[in-house]
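Once you've had a glance at the structure underneath, I'll fire off some questions.
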Amino acid sequence: MATLFEYAPAPESRSIVSIAPSYGLFIDGEFSEAKDTFKTINPADEETLAEVALAGPEDVDRAVAAARRAFESWSALPGSERAKYLFRIARIIQERSRELAVLESLDNGKPIKESRDVDLPLVAAHFFYYAGWADKLKYAGFGPDPRPLGVAGQVIPWNFPLLMLAWKIAPALATGNTVVLKPAETTPLSALFFADVCRQAGLPAGVVNIVTGAGDTGRYLVEHPDVNKVAFTGSTEVGRAIARSVAGTGKKLTLELGGKAANIVFDDAPIDQAVEGIVNGIFFNQGHVCCAGSRLLVQESVAEELLDSLKRRMATLRVGDPLDKNTDVGAINSAAQLARITELSEIGAQEGAERWSPECSLPDRGFWFAPTIFTGVTQAHRIAREEIFGPVLSVLTFRTPAEAVEKANNTPYGLSAGIWSDKGSRILAVADQLRAGVVWANTFNKFDPTSPFGGYKESGYGREGGRHGLEAYLA
Amino acid sequence: MTATATSRLSGLPDSPADLRTFLHGLPGVDKVGVEARAAALGTRSVKTTAKAHAIDLAIRMVDLTTLEGADTPGKVRALSAKALRPDPADATCPQVAAVCVYPAMVPFAAEVLAGSGVHLASVATAFPSGQAPLDVKLADTRDAVAAGADEIDMVISRGAFLAGDYAKVFDEIVAVKQACGSAHLKVILETGELATYDNVRRASWLAMLAGADFIKTSTGKVPVAATLPVTLIMLEAVRDFRARYGRQVGVKPAGGIRTTKDAIKYLVMINETVGDDWLSPDWFRFGASSLLNDLLMQRTKLTTGHYAGPDYFTLD
Amino acid sequence: MPESATRLSVRKTYKLYVGGKFPRSESGRTYLVDGDNVSLASRKDARDAVVAARAAQPKWAGATAYNRGQVLYRIAEMLEARRAEFKALGVKGAEVDAAVDRWVWYAGWSDKIAQVAGGANPVAGPFFNISAPEPTGVVALAAPPSLLGLVSVIAPAIVTGNTVVVIAANPQAAVTLAEVLATSDVPGGVVNILTGHAAEIAPWLASHDDVNAIDLAGVDDPELATELERTAAGTLKRVLRPVSLDWAEDPGVGRMTALLETKTVWHPKGF
C-alpha cells in the first residue's frame, strides 16, 4: 500500500536469549536425559533451535512420582508461603521478560510485539494473581476448608506456550497441588526456561516437573493412574479422547478446546474500531487462537462498506520476521499446521467462497500464510464450521439480530463471541443469547488473569482465570 | 456549499435538522478502541533510513508557530528566517511548510517569507476562544489575508457546537471561507474542548461539509491539545469524506507535539490509515514550535552519528 | 367416604411424563412394579423427551429468576398436599417432608446463585467485565431411587434454567411427583420423567448430540457409569459422576454449579 514511507528493518536482538544445544526433562528439580530426543525448530526459518528430550512412559512415571513426593510437603505448606514462591516466580518472569519474549517468538513464530506486549505481561500477571489466592482459599466460596487434589497432569498447546503454562501452573500451585506439565511438541523451550525460573525461585524439587514430548507423552501423563487432576488445552478431538480415557477413573478434568467464534457486526457499530476488532480477532497470533473471531457475521446493510474497510486495513498488515518489532503477523507454527490451513482454504475456494488476500511477499523459508478472507460464505461451508486455526476469516452476512444469534450459535463450539454495536440494550440482549463462555462486546481477544475463560458445549468445560479458575484444582 | 434537496438526501445536508441528523448518523467512536489503536501505531519502530526520511518529511510539514501576547516584529522575523533555513549549518535541511502568527504579525513575516515557497498562516476569527461577533471574525480574516497570509487558521465556536447549534458553526465556516478568498482555510476544532471522540468526528465532518481545506485539532491554548487518538479520528474522517464526496481535506495536529518520536508516531499513523496521499505538507501539517529543534537535533544525530545538544541550534 | 365393600377402586395407570403430558411408551411396553403396570420407556421415548426438554429450555431459562423460584415453591406446596399419596407408596413421612423442604431450599436459590457464582472481575484495563452463570441446557438425569434423591437431583438442575430428562428408579413415586409437577405451574417439557431401566435408556441419552450434561447420581453399576461417562465424551457433555451420599445432608451449591456455564462479558468503558 504505502510506498512513500517504508519502515527499515527493526529486528529485536536475539542475543538476549541463550539457547542450549540440548535440553533434558525437568524432573524433581533436576534436568535429566531421556532415551530419545526430538528437534524443535524456528518456524520462521526452519533452523533447529535445540534438541529436546522425548519423555517415555518411564520418564512420565518418574515425574509423577516426584510430584507425588513433593505434594505432601507442598500441600502442607502454609498458603502464605506458597504465595511467596509464586510472587517470586512472577517477579523473575518480569525481570526476564524480554529474554522469554524473544525465546517465545523464536520457538513459536509469533511476532515479538505480541510476545513482548501480550504474552509475557499476562504470564507475570497470572502468577501475581494466583499468588494472592494461595492464603485466601477459604474465602473463595468453595467451602471452609478447600483441599488440593494432588498431582495435576497438564498438557498445553503451542499457540501461547508460556501463557498456557501460566494458566495451568499458577492456580495449581496456589491451591497446593503439584504439577507435571507437558508443553507442546513444537514449542517446548519456554517451559524448559520456566523450569529454570522455578529453580531460581527456590521452588522445592518436584513441585513443578516438565516432561517434553509429543502426543504419546501427553497420553502417558493423562492416563497415569497416580494423577488426580487432568487439565488440557488443545483441540476438541484430543479433548474428546482425554475425556474418554479418564472416564471411570474419578480424575477431575478440565478442558479448554476449540472454537469457531462469531464476531457479529451490527449496522450501528463503531465501524473503525470494529475493523480493528475483526483484524485483532482473526490475525492476532496468526489466528492460532482457540477463541479467534474466525466467523465474521456482518449485517448485510453495512457489509460492503465494512469489507472495503477491512481489506484496506488488511493491506497494512506486515507479515514476516517474527523478531522484527514492526511485524504484525508472524510465521505459522509448523509445517503440519500450515498444511491444514492450506487445505481448508483450498476447500473454501472449491466450495465457492471468494478468496482474498492483500498483496504481501512471504519469506522463502519457514511456514507462512498470507492473511486471508473468504466472502460469500454460508453456514454450509466447511470453512464456516471447522476450526482453521490460522489467519483465515470466513465472512457471512445476516439481516436481523435474531438471525445473527441463530447463526452464531449454530456450531458445536461455544468458546467466545464478539458483538459490535453502539446500542446498549442490543448488546446485552445478544450477549445473553450467545452460547459462548466469553463474549467481547465492542472489543475482542482481551484477556486478564481475573477474568474466567472457557467454553460451552464442545469447547470444553471448566474455567481458567479468576476465582472460577481455582475450582478445577480444589476438592 | 449548501445543497438543495433535489434528490433523496443524496446531496449535502441542508436544514439545521438535516445537519444534526447527518452528524449524529455518523458511526460512533469507541474510546477504548480508538485509544488502543493509536497506542498500537505508536509502538512502530522507525529506524535508520526510515527515520531519516521521516525527519525530513516532518520538518517539511511543520507550521512553525508563535502565538504569544509577547510576539514582536523582531521575534516574528527571526522565526521566519528560521523557517527558511532551519539548520544554517546544513544546506540539505528542508524548509518548513509555513509560519503561523497572529494577524498583527503577518506583515513582518511576509517581508521575510515573500517568494520563498514557505506559506504564511495566520490565526484569525477571534483566536483562540472564537467568542466574538461574526463580523469581527470576518474582518479579522480579511485583514490577515490582505496583509499577506495565504492560510487562515480559524477557530470554530465550541459554545455553539456543544449547544447543538451546528448550523451556526457551519454558517460561520462558510462565511470565513468566503472571506479567505484564495487563502486556504484551516478549521480549528479545539478538540480538547469537544469532550468526546464522537464530537471530534462530528466536528470534523461539519467543518469539511462547510468547506474547510484543512481540519486542525487545537489552538494550543487549552490544556489538552493534539493527541494521537484525536488525530486518528480526524484522519479517518478526511479519508471517509474523500471517499464520499471526492474532495481531499488536510489534517493538522497542533499543540503538544514536541519530540521527533511524537512526530514519527503521527507519520506512522498517516502511513497506516490514509496512506501516501496525505504524506505531504500539502495535506498534513504539524502546528508546533519546539518540535522543529528536536527534529533538527535528531537529524544531526543521524548524519554525525553522535548525540546533538541544544546549544548548536537556533533558539527561535 | 369409606370404600364400600361393593365398590371396586379405580387404579392409577403409571405413564411417562413428557412435554407436560402423560403418554404411554411409544413401544407399548409396560413392566410390573409392586403389582402396577408401569410404562417402560424406550430409546424413542428418550428421544421424544429430549425434544420436549430442548423446546422448553430457552423459555424456562428466559423466565425471571423470581418466576422460577415461585414455580419451585409452588411445587413444594403441591408436594406437601400429596403427602398421603406418597406415604401410601411407602415413602416415609419424614422423607416427604424433607423432599418438600428441598424444593423450598432450591426455590430460594433461583435469584441468588448468580450472585454467589458470578460477579464483577477487576480486569487491568478500562473494561466492564462480569461473569454470570447460565444453565448448560438439557440435562439427562439417572435419578437415585428415593423420593428425596429424585427431588435432590431435579431441583438443582431446573432451578437455574436447565430442563431435564429423568430416568426414574422408583417409578410410582416418580410418576406421582410428575403429577405434582404437572399441577405446579412448571411449564411442559421442563421436567420429563421416563420410567424404565437406566441401562437401557441412559446410553441413548449419553450419546445424544442434543443433550448438554448427564448426571449419573443414580447409576450404581460402576461399569455402566464408566461406559456412560465415556459415551458422554463424544460431545463433551458435562458429567456428574455417581455419588453415594446421604441425600438428607445439606446439599450445598455443587449440584447447581456443576450444571451451569460461566459466561464472561467484556465491554469497554469510555465517554
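In this document, chain identifiers A, B and C correspond to the written order of the chains, with residue numbering beginning at 1 in each.
Definition applied: contacts are C-beta pairs under 8 Å (C-beta built on N, C-alpha and C of every residue); 3 or more make two chains touch, one makes a residue touch a chain.
A quick note: this is a predicted structure, and the numbers were derived from the prediction, not measured.
The touch graph of the protein chains shown is complete.
In this structure, the chain pairs B-C and A-B differ in their number of contacting C-beta pairs, and the larger number is found at A-B. One simple way to say how far apart two chains are is to compare their mean CA positions; for chain A and chain C this gives 36 Å.
The centroid of the Cα atoms in chain B and the matching centroid in chain C are 68 Å apart.
A separation of 44 Å divides the Cα centre of chain A from that of chain B.
Contacts with at least two other chains are made by residues 30, 32-33 of chain B. Of all residues in chain C, those touching 2 or more other chains are 125, 127, 268, listed in ascending order.
Each of residues 442-443 in chain A touches at least two other chains. Per the touch definition, chain A reaches chain B in the complex via residues 1-10, 113, 117, 268-273, 276-277, 316, 325-326, 422, 442-443. Of all the residues in chain C, the ones that touch chain A in their complex are 116-117, 119, 121-125, 127, 129, 131, 136, 212, 222, 225-227, 229-230, 232-236, 238-239, 241, 252, 261-268.
Within the complex, the chain C residues that touch chain B are 125-127, 268-271.
Taken in their complex, chain B has these residues touching chain C: 30-33, 35, 195-197. Residues of chain A that touch chain C in their complex: 125, 141, 143, 236, 239-241, 243-244, 247-248, 250, 255, 257, 412, 414, 427, 431, 434, 436-443, 446, 448, 450-454, 456-458, 460-461, 463, 466-468.
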